[in-house]
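Next up: some structures, all given as structure tokens.
In the two assemblies presented below, subunit A is common to both, partnered first by subunit B and then by subunit C.
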Partner chain A sequence: MRRREFLGLIAPSVLVMGGLLVLPLYRTVEWSLQRVNYGEAGTFVGLDNYSAALSDPRLGRAVLFTVGLTAVVVATLIVGGYLLAVMVNGLGRSKPFVLGFLLISYVVPNIVGATMFSWLFDANFGGVVNHLVSTLTGHEVLWFIDPWPNRLVIALDTIWFMLPFSMLVIIAGLQGVPAEVIEASRIDGASTFRTHWSVIIPSIRGVLGFVAIISIMDVLRTFDQLVPLSPQATQIGNESIMLYIYNVAFQDGGQQLGLGSAINVLLILLIVILLYPFIRGIAKEARQA
Partner chain B sequence: MTTLQEHGSALEPSRSDGEPPSAKRRPRKSAHTYLVGGVLVLVCWAMVSPVLWTAMAVTKPTDVAFLNPPVFTYEPTMTAFVDLWQTTLFADYLVNTLVVAVLSTIAALVIGLPAAYALSRFPSWVSAVLLVLALVFRALPRFAVVLPMYDLSRALGVYDTTFAVAAALVAINQPFSIWLLRNFFAEIPKELDEAAMLDGCSRLATLRRVMIPLMGPGILTAGIFVFLFAFQEYLTANILTDVSARTVPVFIATQLGQTLPMLQQAGAAAMLLTLPVVAFAFIAQRYLVAGLNSGSVKG
Partner chain C sequence: MPQPRTTVVRALATTISAALLLTACGAGSRTSSSTAAQVDCDFPAPSKATSVNVLAYNSSAIDPFTNTMVKSCSKNQVTVKHEPIDFAGQVQKTTATLAGDTGTYDVVETYGFIIPKYAGEQKLRPLDEYVAEFDQEYGLSDINKAMRQAMSYDGKLYGLPMQAQMYVMAYRKDVFESLGLKPPTTFAELRDVAGKIQQAGQIKYPVALPLLASSDIATAYDSALGSLGVDYVDATTMTPNFDKPEAAKAFDELRSLAPFMDPQVTTFDQPRVQQQMYNGSAAVAIMFSGRMNDLTQASNSKFSQQFGFAPPPSVAGGDVLYNTLSVDGWSIPTNAAADPKMLFEMIASSVSADASKASVPAAYPARDGIVTPGSSPYAEAAQVSIGKAPPAEPHPWTSRISNDTRTVVADVVLGNTPVAEGTAQMQQIAAKILAEYKK
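Here is the complex of A and B:
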């Protein structure tokens, strides 16, 4: 392919991404250095927004909450996704049917799924899980007001809609493991657990890493599900980083747009650092392809 | 990124399910088989339960819909759906959602296909940089681009239009589209391009007459995903719309803090949005699976 052809073919896409991703991103960086409101020219304030962000205890809580949620959810996704993938992969004719059911939570919009999820728990709306728990334990759990029960609901919902992705990618990984290798380990007398732990898991390490990095990126950006699941997120310390940005930079009229932008920039830096090993791999691959 | 290539079978989603169960592969039905089956039934049930419970809540008469403790036996009614249709602008929101999804899917494919083709055929540092940028953009916190878009759309006078939401989504999903399509293109041997060009096709003609017909499943997969993302999108639509371009997910979110009948209508809206995608999960399953497996940069 000639250089001119290449440039011609990628031009529309590059223009769209340049105009609607790079320029807005540049704007965010610019805003992060200003005291500014929508539709106005800002005044340059240097790194004030950054120091305000880093010394804000509310941001500290949001980071702690988001990172904790990410750790719990991603660990569950890997372990649960693997177990589920092994079970589903062993199915025969019923596999497409089971997969169809398992995919539902993935295709339903997050905000809609989270709304449905909240109704399982909300005592005001006759939630069935809430009813079950209070009948069994004799306690009335305040799922939306107490920080920890609320965190549990948020984590469960996030796992609920992300598990299908994790499971499907791991199934594909399992199908790539040669049957002979598994056979060989059986013949050598390895137990089922041993076969999984020492043979299958090491050979799909790459896939598990892929699931982990994608899930980490997505949980770090948690936003949609908090709207129905944690109406009092700010008061009870269950505000995610994205929700915090939304609250300071949009919800209250955008008075703190500069601060919100600075947090956006910090979050981007964090994500780029996390992605660094993947970036190196892709760069190598794309040059050789 | 080895995972991108390991599962190169994206064009041919595995169809081994139909194999007759040979005696060797499936020994006797042991306790183990039943255990796995039982666990899977439980998991499926747990995964579907929020949808089932909502389906029950919206078909109950309004006065018992949200009673605590919940009622399990009731006379099913469609009142919530009728009210939703008659007292809210649900039809408009649904049209908005579909317009945004269709517009952004078409635009994303028209723009993304040539770019993905070029990236799969032109190994250079430019491709490397573009693909890395695409991955980083894919991972961006949405607000870093959507808040400036809000400012821009107000300045340009396109705030609260389906066009603005569709344009924003084309750009936001472009990195994903390019990645996915590029992986599908990479599986088509380069010799085919060369043969077509020897026969006198120009580059564009090669793309149009040879590559795109071969890319059928790939294009369908990418189209399905971009459509699904647009259909699901809440954050972007919430920031870029007010009343006239409001989409169904935004509508449902605005109903949340309201009265019980309105809440039940939101549940009805949620069911109307969920039923088609549930059907979709069964019908288009092989494309969803193929898309997720072809090393897509999606979560």
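Here is the complex of A and C:
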């Protein structure tokens, strides 16, 4: 390939990445060191924003909640996505219809889906799940103001929303596992569980790593579903990092853009730390291939 | 078997058709025009095609004025555009559009609470010269003087009033009559009435208030404090009043209603309180008047004919009610690109006598004489309520103190923070904000 062709082909990507990724990242880091109001040049304040962010107990609670939610949801997405993928992969002619049906929750806008999901637990709007739980247990569960029931609702909604993605990617991985390898394991007398655990799962480790990476990034950025699902998130310790950033930087016309940027930089660092083992594993696998 | 190329062409055609169909659905005004009146909007045609962007949140009380402007002033090469948005979105976009030398919006919906802040920062254009010029044409002298005052700062008018909202109490007449109860006039009576309804066993949580911890709770606390005769700040000495006994009493009184409200009330905004009334899970609600017309619609609730309306109670007796008077109006940003005179004619036409009449009963227009006791089932209650609201605090620090103390208010109402500790925190937050204005 000629140099000019190469440059012509990569130039659009470089421009888009520069405009949408590098420039905002640079501006975020720059603002994190400034006091910034809309429409005005920032004033350099050194590490004051980082100091303010790290001394706010709300940030600690937000990190704890977000990381906990990420751990539970990602683990469920991988296990649940795998089981669902195996079941759907085994279907015959009905597979496209079942797949299409299962993908509905993924294509519904997150905020709309979360609002509808909240109604399942809200007595004001019928609250089918709330009614069932109250009838079965004899207790009125306060889904929106008690921290743990609310965390359960948030986790269930996030899993409901993201499970189809996980399932879809894992199905693609399953279809790449050679049939003769599975057949050989059965001839060797491996049980179904053993075949999955020792043959199929190691074969699609890269795919599972990919699902983990994307899911971790998505759940760490949990934001819009908390608006309908946790209206009292700040008071009950269910404020995600993104919601905390929004509340600090923008709510009610607030203008703490410098502080918001500093928390954003800290969030980026957190994402990098949590993704490092997965990225390292995938890179290692790619080198071996 | 179809060729791959044919399939691609078909898919492309389907996609383009669907996109065209969807965009056609959204063409023209993006808000419902069912509440729009056709009024005179007689500005001279500009020399070139012009777009006027209007920022106004959607509610049944604001929509009639916005829709009238869009419908009546889109002419003479001018297109008036309004995108649907909620109140929180409007608040954010107002901050952003007023920030720089150029803004996205030419007309913004404002309210008395934020006028001092933005007017003090010279972000809004004074309207007095235009009022004088177009008074005759649009009958602007008939706009209520007190409401003009509420949209003024430092003696100048920065927002042309369109309508006012004040708290009104809605109650279930059938429930009250069956138990021989009268609408409460104080919080003590409200507790008494609510207790009797609870004892009757029909309704478990009879009282419904919008106390959403991330929003409405600050207004509720301000209303309670105002009813006790105390402002956030003593404006003459510029010292916060959260160390006064009334600041603690306001919390105690709000918390005293907790046994009669849904345990999850701090997650309820006004639409959710409406929903409680619609489905019969509450018997008394106190909300802004703009929400009352919805209660009277048979399509919303089987109890629509059973709702009675009264002024809200006072917290501890006396003439000042548990209330907040909010005047809404139109402002022209200093950085608006379009001709300000033309923009003023647009906003003046949208609050003209005809437009104001058409907005009743959904709204309480700012013009004198439009709302009469017979205008709507809640008009009489609204008229009493507006005359007994706590005075406004037209200062640039008011909205900042309200915003920055809201989390503390929520923590105290929820019982996470003791009252004394909460008021001390609020005193500290407010003092810090006021220090900026003392410089």
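Quick note on the criterion: the second predicted complex is superposed on the first by the 256 of 289 C-alpha atoms of A that agree within 3 Å, B and C clash if a C-alpha of one lies under 4 Å from a C-alpha of the other, contacts with A are read in each partner's own complex, and residues count from 1 in each chain.
Note that in this section a residue touches a chain if its C-beta (ideal position, glycine included) is under 8 Å from a C-beta of that chain, and two chains touch if they have at least 3 such contacts.
All figures in this text were calculated on a predicted structure; none of them were measured in a lab.
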Exercise for the section: For A:Gln255, decide between first (touching subunit B), second (touching subunit C), both and neither. Expected result: second
Problem - First, second, both or neither for A:Tyr38, with subunit B first and subunit C second - result: both
Handout entry: Touched partner set for A:Ala123, first subunit B, second subunit C, both or neither
Key = both
Practice task
Check the residue A:Gly81 against both partner chains and state whether it touches subunit B (first), subunit C (second), both, or neither.
Solution key: neither
Handout entry: First, second, both or neither for A:Gln235, with subunit B first and subunit C second
Key = second
Exercise for the section: Considering only touches as defined above, state whether A:Asn264 meets subunit B (first), subunit C (second), both or neither. Expected result: first
Completion exercise
Chosen between subunit B and subunit C, the partner touching more subunit A residues is B
Problem - subunit B versus subunit C as contact partner of A:Ile145, first or second or both or neither - result: second
Exercise for the section: For A:Phe278, select first, second, both or neither according to whether it touches subunit B, subunit C, the two together, or no partner. Expected result: first
Exercise for the section: Jot down the residues of subunit A that show up as touching in both complexes, subunit B in one and subunit C in the other. Expected result: 38-39, 123-125, 231, 250, 254
Fill in the blank from the handout: Counting only contacts in the complex, subunit C reaches subunit A at residues 88, 91-92, 94-96, 99-101, 114, 212-214, 263-264, 266-267, 269, 272, 275-276, 279, 281, 403, 406-407, 410-411, 414, 416
Problem - Of subunit A, residues touching subunit C in the complex - result: 37-40, 123-125, 140, 142-145, 231-235, 247, 250-255
Problem - Residue numbers on subunit B that touch subunit A, as the complex places them - result: 1-4, 6-7, 14, 17-19, 21, 26, 36, 39-40, 43-44, 47-51, 53-54, 57, 65-71, 110-112, 114-115, 117-137, 139-152, 154-155, 167-168, 170-172, 174-175, 178, 186, 203, 207, 228, 231-235, 239, 249, 252-253, 256-257, 263, 266-267, 270, 273-274, 277-278, 280-282, 285, 288-289, 292-293, 295, 297-299
Completion exercise
Listed in rising order, the residues of subunit A that touch subunit B in the complex are 1, 3, 5-6, 9-10, 12-14, 16-17, 19-21, 23-25, 27-28, 31, 38-39, 84, 87-88, 90-93, 95-113, 115-117, 119-120, 123-128, 130-131, 135, 160, 162-163, 165, 168-169, 172-173, 175-176, 206-207, 209-210, 214-215, 217-218, 221, 223-224, 227-228, 231, 241-242, 245-246, 249-250, 254, 257, 260-261, 264-265, 267-268, 271-272, 275, 278-279, 281-283, 285-289
